[in-house]
């Protein structure tokens, strides 16, 4: 495997986790446009832990996940009041606030960024990505996850048939944020340099894009979406100045041709996985 | 200085309001967040400035900008909205994101990524009243945004077309069963939204006398915030929220918080949304708002 | 030529906010490639410059370097352009043991953190400011200044909030909004509030930390509000576009090159490149060679000289050794003939070269101070 | 067990702005009975279900279930105590198959089994879903997306979903709306079986008089949010107040 | 004939909902369409109204209709009250009624009709400024019927209009249909309350899994054993020669 391909693979793994974080929250019908903010929290806390406090990498990732997760739960409660575009906009605002916070926060370098991290291998990144994708895939087939989907489809009805929508929604926020935190921690230790603008809303949108492109009804979709987002620009290089326009066009075409994303439940069933019941 | 800052805030607010209107026409009515509006307004700015530099009079430049944005908006309807109409809101949001990437790339390839600047003479004269000064463009921007809100507000809430639009947005099939040409009205909504983005783009381009292909994002984002704070389905909300956000932004800067401005503006936006989850003018959602 | 090739890589931002720079960089490199090959190549081998667009995204820049070094087997890499991209790419260069030399990054310490393989053919902004500030202070009799900067951009932030205020204070100038610097965001249209605030402070000059396209917004707004005072900034200000923002507002900035400069080699370079730039579709009519075109031209020229003089074989088997030879050659390079004067590199990997403090006014740049970034000051 | 009061409302009032949907309503439901609620359109029947299940909170008055006040509890707590319902406007989950509807509402149970893939760990849940599926005769439709079924079948899926929650009290809002006479007859025997075999108490709203009169043992009649009559079907159908407000001259 | 449907086929992907049905309605006629759940009744009326694509031909008022042209059909007087009522919940009750007159050319006169309709259904008048989604189920059904009537239909397609209506209200609506028919209205009535529906109908069709299996005068169908056994709660009576079984 060439170093180049390994680099791309690492980016795909990191983006997959970011996408998964959006996916989990989206499973309850909440669109978060602020997940890059959670990523930033994970990235900065993990980096600080390994660089400043000498914490071993894996432990730092776990702590970063916990920190992001807690922030996610804290954000999840007020988020309950908001729906649709209002929620999307509020989470976007949250993400921008996190970015702005790190921009003004001296101990992690502010606008000048932060470095000093030790590099991690692609294998290490994919150990996390693989493990977490499998975890989500297992959870996805559980009755707990059916509860999330019920809340997604009709929150009021879900409550009235006995599902605790508050716990499910806030829990999803926390879980999703933790996932984003892990993605951020890996991001920081792959790129060895982070700055606040890495975690702006454009990145949040990219995470959402990966989910929707890949398939928003099923976890492994995130891998496809992330792969597409990383590889497409690379393979469109021959178009030179029109690379971005071509990327935009392909984006639209894919979204139109596969409205449920590249991978959806039907296709998944067709391939022979996830046979119902 | 306070007064001058207030004027700065109001102008900025008017800019946000104008673009927010364009967003809210398609969002409030058709329920799609057409991200590409941010780029439509940028495109209109480029067209308008180019026309002015080519020596065209202002009304013609305005018309050219509006025409460009409107055509692009209608194309977006066919390319990015129609095929994904029945999917959840995120999908059209992302197809329009695709459109905005394309528009931006086209503009960069055609005009370059350097700022396009109007010649110096276009900076316009300023009227001075004691300590404050105001440009004629500034007045025009403010007047236009108030007028646009009034016209659109009336159209959507009180006229037959407006009702038809809202019906089509809520339930396309039912609207069609009542005789609404959903297809035609959708085109109208997109076209109107393009017209508004066009007006905004040319006026704003002229006001600042310079434009880059990357202005869409920052301004578009604030405009969406304005729309949301005002209440997505309430046209009049934008008139309230635009100046509110504009003034908050300006005052934060004026009082020594330019670095934490984003923190303050977005924090406030979130606060407002938590207090009024449907925006300032949107209805409340206690149990009188929905039924089981 | 015997079919042998000498491959050099380049990473430029041909899409994204700095598309224009990346695109003129590309034209420059093509020109150089053609010129070298027309003159018989490098040691008889054909020169091939492999150019990748990083879309101004750090991750794409890093992956481009991986591809250049790992798949394309280039001998050395020119680029990437932005400091953010360098921060992420230089560590990869170090890891893969290949020279990477930025044509634009001027954020302090970026190469120094990634020795020995990282280089920058630019001068640290702090050194430049040491010369530009005294000129401003003396010429315009500046007693106090106000600072405004683009908060989303790391270089701009460093220039405006760290470098400039320190040097200004050394020269007895008061920074009126010290600790409360005014900021805005990349891509923002409206900076009227910031400018009104500046006016209320009534400074003798304004420090702008921003690249030229953002600075244009600020200067236009100053002009609109009728505030005509000199402006000072770092290298990111240099561009012909900024000259049209407000011709009556003097702009003081440092440069190692600008299109209208009065240096024979530079003139030759401009005369050669300018027509090619105009021919290239997709670039606006008014385009001129930028400082970064000159820099990347020098970067690759230095690589070529290294190949020729350090005994680089260009054989695939010798790749690692060749790369080391290039690194050592560049590290010890003395007095390379750059477009603006001799170039060498200090221990931080940054260039020691001639620079100019230029003043923009009435739609043109004029050199007002000649400087040199080397320790002894002899460029 | 029969004979005990399962559910009781005391002077329950619910106002929406100027509209009084429930107006000081009091009544008791006895364990093991099939009780009907009838009344003109807009009388407050659905609102009654909504306040019992916690969708709305009462403006004043109290509701108690098995002697415990449930006013102000969140809906899922109330459901967890054994009250399940269906909706007048069908509310199935758009993304789910029939089979998934039968798993989603089941109580979580002890341990971690609900976190495991349903096909592996959740034996008890699957067994229960299977039972209900057979009971409602939906076996052939298990993998259909419930939302694409015809109206009448959707109603069945709703009832099946409610049943999997393991309720003691089942609230049905117009269960035979959209079913023909035959299907209604079939459902009637299913409901009787539920009561007889599982001891369920059933409270139902229905406008289909032949269904109500032959199934229910006791009826409450609402109009303008208060009770205008009650008693056995034979008593109620002869009540002049009920005739004029609800049945009209026809029936 | 105001409506002639010939060999209409409707499918949802792989699911065939209608396998080619033929159906006719004469002016001034009330025709009932009955059948079990999933028989395809709703699909049939939706296709006729122009909401679903179909194959086959629909001739309305002498001219063939273009498939999927719902909004045009309304202007010609072909109006459907859809299954599930189709209330525009975000709008007020009054605005819903105003949507009823959307396609009428005589807007001024139509406004007066809106007022009159609110008197005919007093509850709608009381709630005119309230949100339509807050009405009770039956009130919404009234609103849907009232709104459709405001469109001045010549052929009204009603998909289970009695759904959720109290007995007294059902009689009221059926009486209303009867009286409108005297003014020249034709009606295609889809109903589960078949007995009541047949009472006010002239003719009826019986639909089973996408095929018409019986048709004839309402009376004969009501008295037919096969039909009544399966659909009307099994009233056994002598068969009638007017019913055609297929």
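Order of writing sets the chain letters: A, B, C, D and E. Residues in each chain are counted from 1.
Rule of thumb we're sticking to: a contact is a pair of C-beta atoms (placed from the backbone, for glycine too) under 8 Å apart; a residue touches a chain by one contact, two chains touch by 3 or more.
What you see is a predicted model, and the numbers here were worked out from it, not measured in a lab.
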Those chains that touch chain E and also touch chain B are D
Which of the two pairs, B-D or A-C, is linked by more C-beta contacts?
A-C
Give the label of the chain whose average Cα location is farthest from that of chain B.
D
Whole-Å separation of chain centres (CA-atom averages), chain A against chain E
49
List the centre-to-centre spacing of chain A and chain D in whole Å, with centres computed as mean CA coordinates.
41
Take the average of all CA coordinates in chain A, do the same for chain B, and state the distance between these two points in whole angstrom.
29
Rounded Å distance, chain B centre to chain C centre (Cα mean)
37
Residues in chain C with touches to at least two other chains are numbered 15, 19, 151, 282
Multi-chain contact residues (two or more partners), chain D
16, 46, 55, 87
Return the residues of chain E touching two or more other chains; collapse runs of consecutive numbers into ranges.
134
Which chain pairs touch, all of them:
A-B, A-C, A-D, B-C, B-D, B-E, D-E
Residues of chain B defined as touching chain A within the complex
27, 33, 79-80, 83-84, 86-87, 89-91, 94-95, 97-102, 104-106, 109, 217, 221, 224-225, 228, 232, 259-260, 262-263, 266-267, 269-270, 273-274, 277-279, 290, 292
Residue positions on chain B within touch of chain C in the complex are 1, 4-5, 8-9, 11-12, 15, 105, 108-115, 117, 119-120, 123-124, 126, 133, 135, 204, 208-210, 212, 214-219, 249-250, 253-254, 256, 258-259, 261-262
In their complex, what parts of chain D are in touch with chain A?
53-55, 74-76, 79-80, 84-85, 87, 91-97, 99-100, 103-108, 114-119, 121-122, 125-126, 142-143, 161-162, 165
Residues of chain E touching chain B in their complex?
49-51, 70-71, 74-75, 79-80, 82, 86-91, 95, 98-100, 102-103, 107, 131, 133-134, 147, 151
Listed in rising order, the residues of chain B that touch chain D in the complex are 287-288, 291-292
